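For reference, the structures are reproduced in the following blocks.
The same chain A turns up in both complexes below, where it pairs with chain B and then with chain C.
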Partner chain A sequence: MTGFLALELRRSLRDVRYLIIAVAMPIGLYLLFTGLFGAHGQRAQGLPQPVELMIAMIAYGAMWAVFSATGPRIAHERTIGWTRQLRVTPLSPAAALSGKLLTALAAALPAMALVALTAVVSHHVHLSATQWLALFAAMWAGVVPLALLGLAIGYLAGDEIAFPLTMALYFALGALGGLWIPLSVMPHVMQGLAQSLPSNGVAELGWRIAGGQAPVPKAVLVLTVWLLGSAAAALLAYRRRGTRSAH
Partner chain B sequence: MYSPNSFGADPPTGHPRDGGTPLIAAIIPAVPGGPGTDALIRLDEVTKRYDSDAAPAVDGVSLQIAPGEAVAVMGPSGSGKSTLLNMIAGLDRPTSGTVTVAGQRIDALSETGVARFRRQQVGMIFQFFNLLDDLTVLDNVLLPAQLAGVGRGQARARADELLQVLAIGPHRHAYPARLSGGQRQRVAIARALVNRPALLLADEPTGALDTANGEQIGELLLDLNRSGQTLVVVTHNPGLAARYASRTIHVADGRIAAGAGAGALR
Partner chain C sequence: MPAAPPEPETAQQASQDRPAVRAVGLAKSYGSTVALVGLDLHVAAGQTVALLGPNGAGKSTTIGVLLGLLSPDAGQVQVYGRPPSQAVAGGLVGAMLQDAGLMPGVRVGELLAMVRGLYPLPLPLDDLVGIAGLGSLLGRRVDRLSGGQTQQVRFAAAIAGDPLLLVLDEPTAAMDVQARRNFWTQIHAFAGRGRTVLFATHYLHEADDAADRVVVIAGGRKVADGTPAAIKANFGDRQVRFTLRHGSPALLAALDGVRAVDQDGARVTLHSGDPDATVSSLVRSELRWSGLEVGGPDLETSFLRLLAGQS
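Then we have the complex of A and B:
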């Protein structure tokens, strides 16, 4: 299992799409947004703008990190026969599935950390050590439902559609979840929709922790519902593809 | 117990160490037995149903394969030959009947047990090579050893040895996309052999190759078998079966239809 995790992580971190979309893009957007909207203003979350944007972009980068290591990758591996080949290796199916999930989560950490580092270096964002720790732990746990959703896409979608589908989902969750623009400037209906999305849930955890508050039960509930739904979808998709050998 | 008659009219050829190039012989594991010893593979009244309403993919098949044999399984698409291969590899479980490989009832093993069985006993190659295109040839070959927990140095030495013997050593740092189909299948064979499996299973190994490359891979499989590697090949290609297998089993509608080993099949 350790060998599989090391291999998968190495492959994920070398993936050009991961480097561009999960790492470079959130950092670029962070620098762009803080430049455009000013680095000193207060925004709707009651946090300094650089902190609020940092958390939004941490969520944004983590989202693609877990998607890129699951959806398009697994769909491609199914097409080239690697998923089938993996079944012939000493790795059990359960280990292969959990390995994919753990790899996706591990790939999220560098993407999250580099946005935070950019915020600290460029705008001197300061949080206590406890806040940093809690923020990373909560947001990292918050992307688990998205990693599971990526697994479901990977086992259900074809190679040609998996990447555009995941990309569309990524942009939709980012835009509608309040990661690009604050919820307060959205129409009321859109605010309700945003608060039901996991992307907003992940960011909400971070915003609350950075603001010195406990996470709101609603965000935790939303993420729990997405976790259960995504886990069920991933398991069903995996069983549909995995239990019957191609012949 | 194995006896030549129990496997049909044609006794297995290519018995361990009676042929093959010395180089190839060096990469083959010690064969657990040989003619006169227990079967390496034994299927007893094996049936596999994917849907309770549909006809079984495999229907009451019994057969034995001795250590060191090269057996071809032939049949039309959907005849159940790949399902048969998958059950021998521990990838599918029979609905009824028993599958015994190297003395282990693999149909009764847990997932972990089957994974351990595959690590020790099975290497498998497929029609489309199934190589990871973002890893080099060497890294592709190393994968099963890494997944089995073999130390990097030991795995690397074994992979280098295989790549050299299979004549793809100069391409060890190339990516699969830069290789010909025949070279890619050689990489897949090296990957299948890296953990020294007792059994090499091949599902249409020449199906995606042109005639010349197909011949080369056939020769390579024959050489491996002559050096003692037990081989089960699923193929549509009667030429491959005739030239490179010591026994051919014909499968139709999930049943053994005929074959040189018909005596072993009930």
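Then we have the complex of A and C:
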């Protein structure tokens, strides 16, 4: 099991799509947005621009990290028959499934840390050690529902559509969840939608912690609902496709 | 290599005394398609057994059931005295399946190291590289292998855990002649370690060359079981074809070695257990003929005849 996890993680970190979209893009967008909007403005959360954008981009990168390690990859492995080959080894299907989840979560950490490092280096973002720790712990836990959603897609979608579908979901959750545009400039209806999305929930946790406040119950509730929903979806999808042979 | 822990060794030895496969009355349908109808299959430990049959005979379904990938509608199956899924979980079984692939995005060496790590007593890496003839492939990316190399690595992944039972579903389907020859040499090297090998094929000559015993299945049931020589005598009919120009068709069945006669207008197909004798007696007979051809064994025809004879 540890060998399986280690190899899964190694290939995740080597994956070009992961490196470009989960690591390079959030860093690039961070530098672009802080450049465009100016590094000194205050935004809706009352946080300095570089801090607020850092948290948005941490959420953004973490989201693709867990998506890329689940949806498209699992769909591809099912299509080429690797899932089937694994089933005739001593690795249990449950271990394979939890291995995927753990790998996805582990792949999120470097993507998150590199955005933070960029913010610290380029804009001297300063948080207390406790804040950093709480921020990473909360946001990391917050992407669990997204990783489960990725698992569900991986077991349900075909190889052809898993990547575009995950990609579309990633952009939609990013744009509609207020990671690109602050909620305050969105129309009222859109704000309501944004606050019900897990992408916004993850960022909201971070923004609150960076602002020295406790996370709002609403964000926690939204994420909990998404957690339960996507866990159920992942389990059903896995039962339907993951344990059955190709026949 | 670190010394092998003693505990799994004794477990494996205990398993070694049991039959490798004991399946009784297996039945399986997919909707209205019947795949298996009361199939019995016993394989003693250490045997190399061919599961021979035409496409759609139920070979892959049988293998799916033996590996715990499919659950039978009826019947019982044990692999080394355990339910299939437990035998697989215990590392007693390795398999090379038709539609199975390899983990993408890693090197061959990394992949095999990971697979070895899943088994309690894997094959030492040097032995694995030697038997599977991997040589220079270890550093190559799995996704950049040729078709033949991919098959080699799939075989290596199947034996990496040094399983007591190796199951192969039409393993040579995508191989050229040379690759096939190498492959069977490798299987022999693996079986020579006292391992049990069960492989599905629809080539009689492959079963004949590689197996100690051949189990013929057709229409989801076992129709013959014996040594390759015995099976070949029953199923190795060759076709002697010609156009009958003159003479009574009634004489055809009396020619030497002829088991069955098919006629399509003037075109005659004789199914013969001894085509040399059949052609000799044809030459000596009063029949006039042209366009003589002798064809290789035709399993499909033999199976159809055998099934028709049974029902």
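General observations
Just so we're on the same page, the second predicted complex is superposed on the first by the 246 of 247 C-alpha atoms of A that agree within 3 Å, B and C clash if a C-alpha of one lies under 4 Å from a C-alpha of the other, contacts with A are read in each partner's own complex, and residues count from 1 in each chain.
The rule is short, and it goes like this: a contact is a pair of C-beta atoms (placed from the backbone, for glycine too) under 8 Å apart; a residue touches a chain by one contact, two chains touch by 3 or more.
In this text, all values refer to a predicted model and were calculated from it rather than measured experimentally.
For the composite obtained by overlaying on chain A, chain B and chain C cannot both be accommodated without a clash. Once the two complexes are laid over each other on the shared chain, residue contacts for A:Glu52 go to neither chain B nor chain C. Once the two complexes are overlaid on the shared chain, A:Gln85 sits against chain B and chain C alike. In the superposition on chain A, A:Gly3 makes contact with both chain B and chain C. By the document's definition of touching, of the two partners only chain B reaches A:Ala94; chain C does not. In the overlay built on the shared chain, the residue A:Glu204 is in contact with neither chain B nor chain C.
Comparing the two complexes, residues 2-4, 6-7, 11, 14-15, 77, 80-82, 84-85, 87-92, 245-247 of chain A contact chain B in one case and chain C in the other. On the side of chain A, the complex with chain B involves touching residues 2-4, 6-7, 11, 14-15, 77, 80-82, 84-85, 87-95, 244-247. The touching residues of chain C, counted against chain A in their complex, run 30, 60-61, 64, 67, 69-70, 88-91, 93-95, 97, 99-106, 110-111, 113-115, 117-120, 154, 157, 161, 167. For chain B in complex with chain A, the residues that touch the partner chain are 50, 57, 80-83, 86, 89, 91-92, 111-112, 114-116, 118-119, 122-124, 126, 128-135, 143-144, 146-149, 195.
Of all the residues in chain A, the ones that touch chain C in their complex are 1-4, 6-7, 10-11, 14-15, 76-77, 80-82, 84-85, 87-92, 245-247.
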